[in-house]
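Handing you a structure now.
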Amino acid sequence: MILYLLRRLAVTAAILVVICAITFSIFYLMPADPAQGACGKACSPERIAEIRTTLGLDRSPVAQFGDYLGGIVTGRTYGTGERAVQCPFPCLGFSFQTSQPVWHLLTDRLPVSISIALGAAVLWLTVGVAAGVVSALRRGSLWDRAAMTAALGGISLPIYFTALVLQYLLVVQLGVLPYPRVVPFTQDPAGWAESMVMPWITLAMLYAGVYARITRGEMLDSLGQNYVRTARAKGLPERTVVRRHALRPALMPIVTIFGMDLGALLGGALITESVFGLPGVGKLAADAIAGADQPVILGVTLFAAAFVVLANLAVDLVYAVLDPRVRAVG
Amino acid sequence: MTVLRRLSTQRSAALALAVVALLVLAAIAAPVVGWLTGNSPTEFHGEAVDPALGGLPRGAAGGISAEHWLGVEPVNGRDVLTRVVYGARVSLLIAVFATALSVLLGTTLGLLAGFLGGWVDTLIGRLMDLLMSFPGLIFMIALISAAPGADRRLLLVAVLGFFGWPYVGRIVRGQAMVLARGEFVAAARVLGASRRALLLREVLPNLTGPVLVVATMSIPACVATEAGLSFLGVGVQPPTPSWGQMIAAAVPWYAADPVYFLIPGAFLFATVLAFNVLGDAVRDALDPRSQRR
Amino acid sequence: MSERSKRKVEHSALLETRDLVKRFPVRHGLTRRLAGHVTAVDGVSLRVDPGETLGLVGESGCGKSTVARLLTGLERPSSGTVRFAGRDLDAPDDPAVRRELQLVFQDPFSSLNPRQTVRQILAAPFRYQGLTPDEPVERLLARVGLRPEHADRHPHEFSGGQAQRIGIARALALRPKLVVCDEPVSALDVSVQAQILNLLKDLQDEYGLAYLFIAHDLGAVRQISTRIAVMYLGSVVETADRDTLFATPAHPYTRALLSAVPLPDPDTERTRERIVLRGDLPSPLDPPSGCRFRTRCPQAADRCAAERPVLRVLADGHEVACHYPEFDQ
Amino acid sequence: MSLLTVRDLTVDFRSGVRAVDGLDLDLSAGQVLGVVGESGSGKSVTSLAVLGLLQGATVRGEIRFDGRELTTLDQRSLRRLRGDRIAMVFQDPLSCLNPYYSVAFQIAEAYRAHHRAGRREAHKVAVRMLERVGIPEPERRARAYPHEFSGGMRQRVMIAMALCLEPDLLIADEPTTALDVTVQAQILDLLRELRAEAGTAIMLITHDMGVVAGLADQVVVMHQGRAVERGTVREVFHRPQQPYTRGLLACVPRIDGPLPHRLPTLEATA
Amino acid sequence: ASNGNSAGDAVAVRGGTLHVLSSIDLEHLDPARAYVTSSQDVGRLIYRTLTTFAPAPGPAGGTIVPDLATDTGRPSDGAKTWTFTLKEGVKYEDGRPVTSKDVKYGVERTFAAELPEGPPYARLWLAGGEAYKGPYLSPAGLASIEAPDDRTIVFRLNRPVSDFGSAVSLPMFAPVPQDKDTGVGYDNRPFSSGPYKIERFEAKKQLTLVRNTSWDQATDTVRKGLPDKVVIDLNLDPAVVDQRLIAGQGEDADAVGLEPIGPASVGRVLNDPQLKQRLVTGESINTRFLSINTKRGPLDDVRVRQAIAYALDKDALRTTRGGPIAGELATTLLPPTLPGHAAEDPYPSKDGKGDPAKAKALLAEAGHGAGVTLTLDTPATAGGKAQGEAVQAALGRAGITVKINEISSSAFYSTVGSPARQHDLVIDGWTPDWPGASTYLPILFDGRLITGEGNNNRAQYDSAEVNKRLDEISTMGDPAAAQAAYGELAKRIMRDAPVVPFLWDKAAVLVGPNVTGAYGHTAFVGRLDLVSLGLRK
């Protein structure tokens, strides 16, 4: 098992290195020149060359990539002499734009992203799964049709559209909510929740639809299973039959999808965060791309990819815990 | 074609089909719409907006009037209806071509992976894993802005198609794997069929169903992603209208001129919804066991 | 055919396998760890003579299907050889060989491509062999008792029995010498089973086919076979002439098997003596040492655990792999 | 006294299929009723109808169990009856056991559905039942999951589950069809034993005439939702009245007796 | 222009928390690297410079007043040597006094390649500046900056610079104590000499300033230091900033916008008298223009450029920026807010909507009657897109087909700053570093300064006559005469139409109902002067 974990982690690392390499080369192709950007509006070619040297942009791409990877593993030192800056493990470099360590930027923004993602996840899981279960149990009923229509609608709504319509209704017109802003949970939990409600609803509208549909499908599947018939034949109360024998197996694929969605969401609530102006990792990415801030883009990409890959790993492990058939023969 | 017939018997599917058909028709007939309303998608109508108010359309509800049935854009006064129908062209074309690309790539690679197995499967499987763990949107934006000179429409097709194929590939691979182990493939092998024949004659025809379903599902996803990319600033070049482009432009105006924001949004929503309904229906039609409806 | 004349044609066996072994790697759990190897087929030697039917019986998982797949080239043996019509079958994709050795599957529906019409399915053998059909599809259908108008239907429009007829027609299209039937009637209703068994017999009479007829149903095997091989956990434990096997089974497993088949007669069924085996088939991942059957054998002795019995000739055409075969009865 | 009486049972599915068409059955306490017939003849539907487990179908006629009319019984009482007084064993033991729970849990669950019992107590009952149906090392095997069992052991688990409440009636729907003959013999032996010990009435559904011959007292032959023949096992096997029954008996190849060159076939199903 | 709500009942009270809402990022806090308006505006709260702009609305804001120094500098040696004396009692946040050595060190830092982005003047003007690589590589320092004692600092220049006293108002002339210098890291936490110090800075998120208790109002005639705390929210959505300020609820009552309101909010604000009252309009010294690449294709023909100048619909372009509130339609290079401005309109059209007929005639005359096709570079932003489309539509009327080349905003300046990669047209603009044309015309229209990268002369305008005249004006001793001469030269340049000015910017900023002392400041392109803001109780 340990060996397996190590192997999986090695594969994960390899995938991340490849992603890193691809990201790296793409930003080599990008027309924006960070040195130029750093040079400002009054600039001379000599100055640009000088800046290039200090940023390490004059070295070969391969060497730069090597430095970068090395930095992640061992940390690295920028510059020489008196003003040398130590960038400790895991060093993802410094932002060209703000000169801040990328790692710091990421960890700084993670709480916002986590707040958004987890809150939304709780919302969509409860709403989506509950709606899906009820729909499956009352297949063909009015409720079923209404719920599934709503789910389809939720899936078809573009996030930014939902977001702005919500904002227009709840904030501009009704004024029941403030404009989203960053309120750390630790300072003011109520304010935090208030500021997060709209992003949560926005994401939940989309995902609750997805999950309701999946849940319904899976529930119908498992309700048709022979062991559910067995459970009924045993004379179990219907609630137990549904919960224990239908829902539990139906949750397995949901766990898989949930893990992957959450992983993807943490690295990529690009649009939600942009629309609501919440400084999470997604917004960081959007800004970094707009500013050709190569170290930050690389950092976010790696970070996001790492989340996805680790989420996949976590899903597999959870699967092993939940499913005796996989757990067996360890 | 039996699929089509079965679709038309379902009310919601028939409605969705009608919506899609109408949109396609509108897109094709965009010049006709322009001619009917007497507007072009790029012509400015300075008189329809009030510069003193920052270019807000004159009149109620975003400047809806006899000349401008769905109002005008703030600032420049372009006709929204004309732009929406021309935008449909761009959005739908990009989505269809991107889907075609991802279906082509996904089917080919998924088929090879699922059927051949072994190292081919490992390689393609890893590639799909890799692509799917990429933060796609970030990458698409980066890629598109990395190639500023190229035609944005082609670029969008390429990027959407490229990041879309693993989703097709995964499904095709799974199906191909099941089929390859299936007895009718074994039967063909016993009869001496070559690998090529097995792939093309025995396995591939059985994949049309799932591929059709993912394709129908992929079109709305592409429409939405194209719009999202436009929203994030990497859409088609102006003044070509696309829905995403229009929504992105309307975002700052959502409070001042909600009609302007709602119209392209509503079109986008209707399209995506229609395709999704259609996708569901296609799946149900192809899979009689499905108890979804 | 008498025992004597069969001896004579031994050198001209249609199909002969020698010590066929097939191992599959088995992976388990989340880690896909290699848990070991299943020896699905463990040193099987069989022969089928032209025009005869060899029945191959055994319980689920004993390796019958694997034998069928090895013979038809769907699987390559881990070791051992297959000789067919005097040639070694080590080039499994040789189309000319394939033509004369065909397979009928258990599940009539999954063995027919649902996207093809019957016409296409029956034309496939010729297309894959690069031949032009020598008789119209309708003739082929008629041979298996189907009507010409069936040609343009899809498999799902048929009943199980009809679909199995199509599978048989496809196997016959290239006029093979040997047809391997892997449980061709197990998925069918009793009344349809009878029809298919009759059809197979008729076809054999008409075309001089040889069959390797795989089944777990001893009744069906008895009905169609001339000779019968009994498999247990990857190996053949007994081979005998049909009547010999049913009259004087020598291997304890064969005897147990025969006694376990319920007879549709309340009086005999309630009074006859039954050998009920203990336990289940051992896991092929971890087979018992020595005699594979010893864990369930009513007369197992120490020797059985130490030494693996080989097939030996008991009487003319009667071979058994047991240290203590029963001679009586 | 009749334990189960079915009169004029008719089951129509929403799809328009009439699966059972005016069926009458009688089963006395402690007796074994064999129900035979080909695939699709309505055997399983009948058994499900008795338990009130049919969904999407209209059930008409009378089903009286121990004097009570089941078709009009409310869900609650019907639930109490299930498992407790009428138990069921299904054909495919793998798919009938929930892969996510240990076998002991699934047996104990049945017990606890009808008895006030703690987890531990119910587990003990489960282990005892496993031992009774002949699972070696029941203490250890109780914690195993269905996939770790062989087909025969799974069917034993199903039977243990059905018998843990000592029901008056056991409905066994093709309990041995998925099993090998040697294992089938073991399971049939087990059923025989249980009947002798506990006096449980059994409704044995099968398509295998041999199985019925060995176990049943009464036999009903079903064809297309109707009972075409009924009687004691001797009557039906030795003096079948209907050509369908005769055909059914004759078309099965046997391991004893004369060997016809061609088997007789049932014309009706050509 | 309204002078905001500072008049009337306004009672400025010390205390409270002022909120500043910004849709962009403060690019740099490090004075060596601060070169954009918002950085300078915010920087004024944190550090002091030798001189600075007067805290006043209107043209008065353009005046240079002493800050750290006791006066605006004493030139000698024909304006090649400038001497400043530091005020007494100016302290850093830790209570230590500000010395001339710190100013010297601060200027030297700007030479380091690690700290780019800042203005070029130190490197251009200080003697020996070309060779100097900054204090990290040459700790000995730059000899042409002398600090003979703690309060005196002398700059020796390589040429006469008559407005050096204005130049030292730039943040790069703020003091930096050497022991507090953290190199690149200084950007996150510059050491305070002004009324506020940094409590917390999260780039692109929030800057929190708290009172610097060592700051002494008596030494500072410019800053009021009224609020106890200033919280600047960065990187917000522009529409959200507008809407929050329009609503003005809760904390937002104490908030101001850092940038002007967007076009979409103009209508709402102007239609509501109460909101209109809270709108503060400031004049700016920024001019927006369309640069025409004089080196390419048909554009080397002055008649084609003039045709463009006639055809351009300045009004439509202004509408994309919010209409009349965004400024006045420009007719000259130098805006009226700059000394040297001389009114004229060489390419007139009715209401500034362009004169396509005239343009067509000129094109025909130049032999392009069939029309020309040009490419316009725009940044891939909503504004860039809107302006591009306006240019496209306007020139289209005159038979000029314009293709829009969208460039991601990060790559925009490096692309159009490279003559090899720029195309025909680009929408451009310029704000001089201090009121006057000396940091405007020479930088933009001296053909000898065209460089392969980082080029500012996007018209690639190179006229021997203009170059010569620029040299002459730079040596003029009398600043007033020089400004007048620049005014005349600007007219001369306009004849060649290398650029088409279309807007003299104004900024309209919303302030919360509880804010006092708000006015637009010329030097900060019309945006609020943060140092004067206070809150009502």
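Details
All chains are identified by letter, namely A, B, C, D and E, in their written order; residue positions are counted from 1 within each chain.
Following the convention adopted for this analysis, a residue touches a chain if its C-beta (ideal position, glycine included) is under 8 Å from a C-beta of that chain, and two chains touch if they have at least 3 such contacts.
Note that the structure is a prediction, hence the values are computed from the model and not measured.
Fewest steps needed to get from subunit C to subunit D, stepping only to touching chains, is 1.
Counting steps between touching chains, the shortest path from subunit B to subunit C takes 1. Relative to the centroid of every protein C-alpha atom shown, the closest chain centre, again from C-alpha atoms, is found for A. Our note on geometry: subunit B versus subunit E, Cα centroid distance of 44 Å, whole angstroms.
Distance between subunit C and subunit E, defined via averaged C-alpha coordinates, is recorded as 90 Å. Centroids built from CA atoms put subunit C at 55 Å from subunit A.
Centroid to centroid, with C-alpha atoms defining each point, subunit A and subunit E lie 39 Å apart. Residue positions 145, 148, 233, 251, 254-255 of subunit B each touch two or more of the other chains. Of all residues in subunit E, those that touch two or more other chains are 243, 407-411, 415. Across the interface of their complex, subunit D is touched by residues 225-227, 229-238, 240, 244-245, 248-249, 322-325, 328 of subunit A. Against subunit C, in their complex, subunit B makes its touches with residues 182-184, 186-194, 197, 201-202, 205-206, 208. Subunit E meets subunit B in the complex at residues 238-239, 243, 262-268, 270-271, 315-316, 318-320, 322-325, 353, 380-382, 385-386, 388-390, 392-393, 404-411, 415.
Across the complex, subunit C is touched by residues 38-39, 136, 150-153, 180-186, 188-189, 207-214, 233-234, 237-238, 247-249, 251-256, 259, 261-266, 268-270 of subunit D.
Considering their complex, residues 69, 72-74, 93, 95, 98-99, 101-103, 105-107, 110-116, 124-125, 127-129, 167, 170, 174 of subunit C touch subunit B.
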